[in-house]
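What follows is a group of structures, each given as structure tokens.
Each of the next two complexes has chain A plus one more chain, namely chain B in the first and chain C in the second.
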Partner chain A sequence: MPEGTGSATGIGASVKRKEDFRFLTGRGTYTDDINRPGQTYAYILRSPHASADIVKIDSAKAAKAPGVVAILTGADYDKGGLPCGWQIHSKDGSPMIEPPHFPLCKDKVRHVGDQVALIIAETYAQARDAAELIDVSYKETKPIVSLADADKPGAAQVWPEAKNNTCFDWHIGDKAAVDAAFAKAAHVTKIDIVNQRLIPNAMEPRAAIGDFDRATGEFTLYTTSQNPHVIRLLMGAFVLQIPESKLRVVAPDVGGGFGSKIFHYAEEALVTWAAGKVERPVKWTSDRSEAFLTDAHGRDQINHAELAMDKDGKFLALRVNTKANMGAYLSTFAPCVPTYLSATLLAGVYSTPAIYAEVKAIFTNTAVVDAYRGAGRPETTYLLERLVEKAARETGIDRVEIRRKNFIPVDAFPYQTPVALQYDSGDYFSTLDMALKTADWAGIDKRKADSKAKGKLRGIGISTYLEACGIAPSAVVGSLGARAGLYETGQIRVHPTGSVTVFTGTHSHGQGHETTFAQLVSDGLGIPIENVEVSHGDTNKIPFGMGTYGSRSLAVGGSAIVKAMDKIITKSKRIAAHLMEASVADVEFKNGVFTVVGTDKSVPFGTVALTAYVPHNYPITELEPGLEETAFYDPLNFTFPGGCHICEVEVDPDTGTVEVLKFTAVDDIGRVINPMIAEGQIHGGVAQGIGQALLEAAAYDEESGQLLTGSYMDYTMPRADNIPNITVGNHVTLCTHNPLGAKGVGEVGAIGSPPAVINAVLDALLPLGVKDITMPASPHRVWQAIQTAKKAAE
Partner chain B sequence: MPTVTMTVNGKAVTGEVEGRTLLVHFLRDKLHLTGTHVGCDTAQCGACTVHLNGKAIKSCNMLALQAEGAEITTIEGLAQNGTLHPMQEAFRDNHGLQCGFCTPGMVMAAVSLVKGKSNLSDDEIRHGLDGNICRCTGYHNIVKAVKAGAQAMGGK
Partner chain C sequence: MHNFAFHRPTSVADAAKAIGAASDGKFVAGGQTLLPTLRQRLAEPSDMIDLSAIAELKGIKVEGDGITIGAATTHTEVANSADVKKTIPALAHLASLIGDHQVRQRGTIGGSIANNDPAADYPAAVLGLGATIRTNKREIKADDFFKGMFETDLAEGEIITAVHFPKPEKAGYEKFRQPASRFALVGVFVAKTGGGIRVAVTGAGPGVFRSKELEAALGGNFTADAAKGVKISANGLNGDLHGSPEYRASLVSTLAARATAAAS
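Moving on, here comes the complex of A and B:
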């Protein structure tokens, strides 16, 4: 793939998005906007208890309520459980504990919001009214809610088969080498941190419509998914036993995902199963309260880390101990988040020679926890960047210098880390220098003095981070426990009159693929961008696909499109050679025109397309007619974006309020196709990172297991006045192993930002003697930390 | 069932509704104006914002029957004859939307916010959009878009 042609709509141009017109005029079609003829509505009766035996469900009265079509409970459910897509093995070689996860609870509920009964009626209101008439008798049992306590002896057990609520006890790295390095360390810095539980909160709540065709026996599921083919595979093969040929999954316009719409959810299986039972379409739409209770939550790790250094502040070894909350069941990708997405990142941007990490995954009576924007990598970055900051303070080495001193040198790539990954490219010095300059790091003392004059405390914080994304080489992830391949497909269909449809197995739910991928193909085939349509989200249209997450769409999905485009060009050259009566070797393709080198003979791409479908003058004995190619692209490695985030805050010591004044993000995301879209991705990620650092936290009552943050009144979402303008910079090193040189941009913002914010808050509070703060650094917490420090100083 | 009559996007409409039907559900389910979205159940997110007699309101926070006789404009009624409203245009030009789910509410809120004010500061815009949540954009480009939209509207 060349650099691009420099066209105004090609690679590198900030083309305005093709999808915007429909979204701006209210014509987007999200799942809840779809209605099928004869549709019924489902309401799900959910558990009010965190842990209880279901003694009896009496739905006789409800069954007679107006409009009720069917009431189904766990006793009626005769299909499979929701599968987990990743298997981890414990230190002792035993496989993780995988408890059953039925879409309707059979005899026990295990978290508030667990599915107890499915009520289907003519209208949503009728289904909801009828649900109130169902009488469920529960025998409550003591729940276990606290992650810190769940593996202690005597804790209530979520699953009898998971002793001490432990799903697995895993490790990575060379323990002996780490122990040896610690033994000769000049200084050791230790830290305990909490990566608090978050609730992803895509603005579109989940929804699903199951449809059954009595004539063909075919099922269709419309769902709010980031990966319709994965849902088809999991639900078809493992849950409902419907062959792929009889199951279509459509993920239409989807209103944000951030990971939470990757997973196969109970409601998807329930509406599909129920549609077959009642032989009518069944629609379920989550309200926000249900979303809080039942969407997969994110993060929720507690970590202890120790860093060994020599007398000059060079990192010798890193030791980490993590407890990760899985919730009450195993969600689709949950086990890989604290392990292969978290612990393998522990080298970060540093050349730490020895690393050892232990990770215990724990069940609790709470909603499931799975990947949320960044998935494991924000947790590790937060751990590392808090630890490095603390090490700088303890050793008296400047916090920028200690980072620079330990960066992986620019000439060390490809760089093999001690925790499995091999980084292909990067230049952490340049992103650091650019960020320091853009943020005017050098001028902070003056700005601190200005704030002080107003009675405020100013602080600046830094984070230098790395992520592994572009998920992922199938053989590698297979050896690590993935139960699927992670390649991507691209299909290019050139129509007879020269317009093109691009089919991608990735899914756009805000990322702008309809524009970015059209830019790629318009540039590559030399045709106007208006002639390129990008299609995604329908298993009946797209050959196959793994979807969008792990910042993979461009690096993996885009590469598949490039491969398909290469095949189109190869075939087109043969057609063009025939038309120009030249040898294929002499045909060149540039800017949409085939020429014979050294002559004035030329054929435009449109003529070749038409000839492929009207093969009157055609090499018919050697070449099939038509112009359509499919490519499956399996990446050779992960991609490794990295960079530097700097945050500047002002704290009001009287109220504890933190205001983010400036945020600078300088990232290396590899080749950029559409800078406008890439910047937008970083803005959004940073806002979510600021949300984690200062505002957001999911809280359960530790005794009852009730979710205390179950609405926007209690769960603090970042709003326009919480987020500053964000300055984005870019220093590119190309990915060396995919044809685009692209690394990925979807998650960097959320990965790099939380420690930059917290380090800034701690910098502001340093004069008061505050040494630690837990996320989110809410006014209450900051104020308390200030009071505690004041008391200690007295 | 009682009936309700109102003007929606310039057209008179009458429909039967239950007493408990919210305006947003009347618009979405009865009139098939699905551009107005539902993002929460506590009147916090603003995805359902429409104009009622020229002013932005949250249509999930009022009963359909309460809108009797009102003039309602939804996102579908903003563009005229296939030409985007300057605020819609500004959102596109400034990449003020990603997944598009908050967008109709955001645009309707913005149009109402900037009415009569063509020069709003970033702070005024950020405070003015406090009732609308966007999870995708980080607001940076929304603020830019609203600023540009306000200027293009020229105080109208």
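Moving on, here comes the complex of A and C:
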């Protein structure tokens, strides 16, 4: 792929989003906007208990309630359980414990919100009324909620087969090398981290409609998904045993995912199964309370880390011990988050020669935990950047210098880390220098003095991060436990008059693919962007693709589109050569026109397209008519975006309030197609990162297992007034192994920012003697930390 | 929500009749608490009596030594009222801090104090200014009106018609928001009145209360420093995810100091 033609709608142009008219004027079509003829409505009766045996379900009275079509329970459910898409093996070689996960509980409920009964009625209100008439007798048992305590002897057991609630006990790295390095270290810095559980809160709650056509025997599922083909594969093959040819999955407009809509959820299987049973469409729409209880949550790790250094502050080795909460069941990709998406990133931007990490995955009586924007990389980045900061404070080395001293040198790429990954490119010095300059790091002392004069405490914090996107290649991830391929598909259909439809296996739910991908094709084929439509989200239209997550869409999905476009151009050149009576080797394609080099002969792209479909003058004996090409792209490696985030805060010591004054993000995201969209992605990611650092936390009652933060009354979402103006910079090193040089932008904001914010808070509180704080640094927590430090100083 | 009979009377007398005839009736004014409760099926009234069409419950009047606000007057109307801003600026300021724009367009002063949410803003002003609550049956002094969490002196079926606020010499309100709900984690209303200093605290305890310690300290010396020096006991204060009793106690003096400094 060339660097782009510089056209106003091509690569590098901030084209306004094609999809915005539809979204901003309320004309989108979301799953809940779809209504099928004869549709019924489902309500799911959920467990009020965190752990209980289901003794009896009496639905006789409910079955006679007005409008009720069917009431289905675990006893009626005769299909498969929800599968896990990634298998981890423990240190001793044994496979992880995979308990069954039926979409309706059979004999036991394992978290508040677990599915107990499916009520189908003519209206949603009737289904809900009938649910109140179902009498479920439970025998409550003691739940285990605390991740810290769940693997201790005597803890209540979520699953009998998972001893000490342990799903797996995995490790990576060279333990002996790490132990040897620690033995000769001049200084060791240790840290304990709680990376708290978050609730994703996409603007659109989940929804699903199951439809069954008796005439054709075909099932259709409309669902709020980031990856409809993955849902078709998992649900069709493992849960309901419906062949792909009889199962269509449609993910229409989707209002935000952040990872929470990757996974195959019980409700998707239930409405599809039930539609076959009642032979009418069945619609389920989550309300916000259900979303809090049942969407897969994010993060929820506790880490202990130790860093060994020589006398000059050069990192010698890193040792990490992690416990990761899985919740009550294994969600689709849960096992890979704390392992291959966390521990393999422990080198970060540093040339630490020896690393060893142990990860235990733990079951608790809570909602499932799985990938959430950043998925494992925010946890690792937070751990590393808090640890490096602490090491600087302890050794007295300047906190920027200690980072610079340990960066992987610019000439060391490709760089093999001690934890499996090989980085292709990067330049951490440049992103650091740009960020320091943009944030006026050098002028902080004066600003601190200004704040002090007002009775406030100012602090500045830094994070130099690295992450991995576009998880691949398939053969490698397969050897690590992935039960799917991780390529992407792109299909280009050139229509007879030269307009183009692009079919992508990725899915846009806020990312702006309809614009970015159209820019790629407008640029590559030299046609107006208005003539390019991007189609996604319907398994009956699109070749098998893997969807959108892990910041993969441009690097992997965009590359597939480029490969398909290359095939289109190759074929078009042969048609053009025929039309111009020239040799193919002499035909050049530029800005939408085919020319014969050294002559004034030319044919526009539109004429070639028409000729392909009206092949009157056509090399028919050598070439098929038509102009449509498909490419499957399986990347050679992950991509490795990285950069530097700097945050400046002011703390009110009387109330503990933290105000974020400035945020600077200088990232290396590889080639940028649409700078405006890329910047928007960083803004959103940073807002979520500030949310984790200062505001958000899911809390369960340790005794009862009730979700204490089950609504916006107690779960603190970031709002506009919590977020400062964000200054975004970009220093590009190209990805060396994909045709676009793209690395990925969807998650960098959420990955790089939390430690920058917390390091800033700790810098502000340093004069008071505060050395640690747990996220979120809420006013209450900051005030408490100040009081504790004051007491200690007395 | 469940089904209910809906009534929209146009006079206080008809509203009183309607509630008397209902087996389990509820008044609804702005509906900012009741409607979410119904939607979550946490309440199941037989009848809803909507007070929004009763003209005599609306409006703001300068009256005698103070200002009278009809019970069905919205927070936005109070916040934007030139009369309130001139007579008791702290009251207009308080109304401007309630909820968000949408809540202030719907929520009413009568609804707020009849509900007496322990984290609501208005009870702090009503108690802090020593206001009088007028109902269709009587007048109730603020000191007698609030009876703890969600409890008031109102009898079954009694309707608040207006609240009369006497003009203070000076008053100020400072609110510290609970980060998620943005209700008052603690709110402190400070007033210097003809009858002495009144300090009302919302959010911190099971219901709005007067702080005798702060009133004593500010009585001798109406300054921020005098308030800041008062150590409030954490005993009996609320503790939850967003703040321990000790934190709330500390906020009470901090906010009292800031409210005193801002008083006008």
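For this structure, a couple of remarks:
Here, the second predicted complex is superposed on the first by the 794 of 794 C-alpha atoms of A that agree within 3 Å, B and C clash if a C-alpha of one lies under 4 Å from a C-alpha of the other, contacts with A are read in each partner's own complex, and residues count from 1 in each chain.
The rule is short, and it goes like this: a contact is a pair of C-beta atoms (placed from the backbone, for glycine too) under 8 Å apart; a residue touches a chain by one contact, two chains touch by 3 or more.
Here the structure is a predicted model, which means the values were calculated and not measured.
Contacts of A:712 after superposition on the shared chain: both chain B and chain C are touched.
Look at A:583: by the touch rule set out above, it reaches neither chain B nor chain C.
Of the two partner chains, chain B is the only one touched by A:201; chain C is not. Of the two partner chains, chain B is the only one that A:723 touches; chain C does not reach it.
Touch criterion met: A:21 reaches chain B, while chain C stays clear of it.
By the document's definition of touching, of the two partners only chain B reaches A:256; chain C does not.
Comparing chain C and chain B on the residues of chain A they touch gives the larger count to B. With both structures placed on the common chain, the touch criterion links A:289 to chain B and to chain C. Comparing the two interfaces of chain A, the one with chain B and the one with chain C have residues 289, 712-713, 717 in common.
Those residues of chain C whose C-beta lies close enough to touch chain A in the complex are 2, 40-41, 176, 179-181, 241-244, 246-247, 250-251, 254.
Contact residues of chain A toward chain C in the complex are 128-129, 132, 289, 654-656, 695, 699, 708-709, 712-717, 778-780, 783-784, 787. Residues 16-17, 19-30, 32-33, 125, 201-205, 253-256, 258, 287-289, 509-512, 676-677, 679-680, 683-688, 711-713, 717-721, 723, 725-726, 749 of chain A touch chain B in their complex. Interface residues of chain B facing chain A in the complex, by the touch rule stated above, are 18, 20, 28, 33-42, 44-45, 47, 74-76, 78-79, 84, 88, 91-93, 95, 97-104, 107, 122-123, 125-127, 129-130, 132-143.
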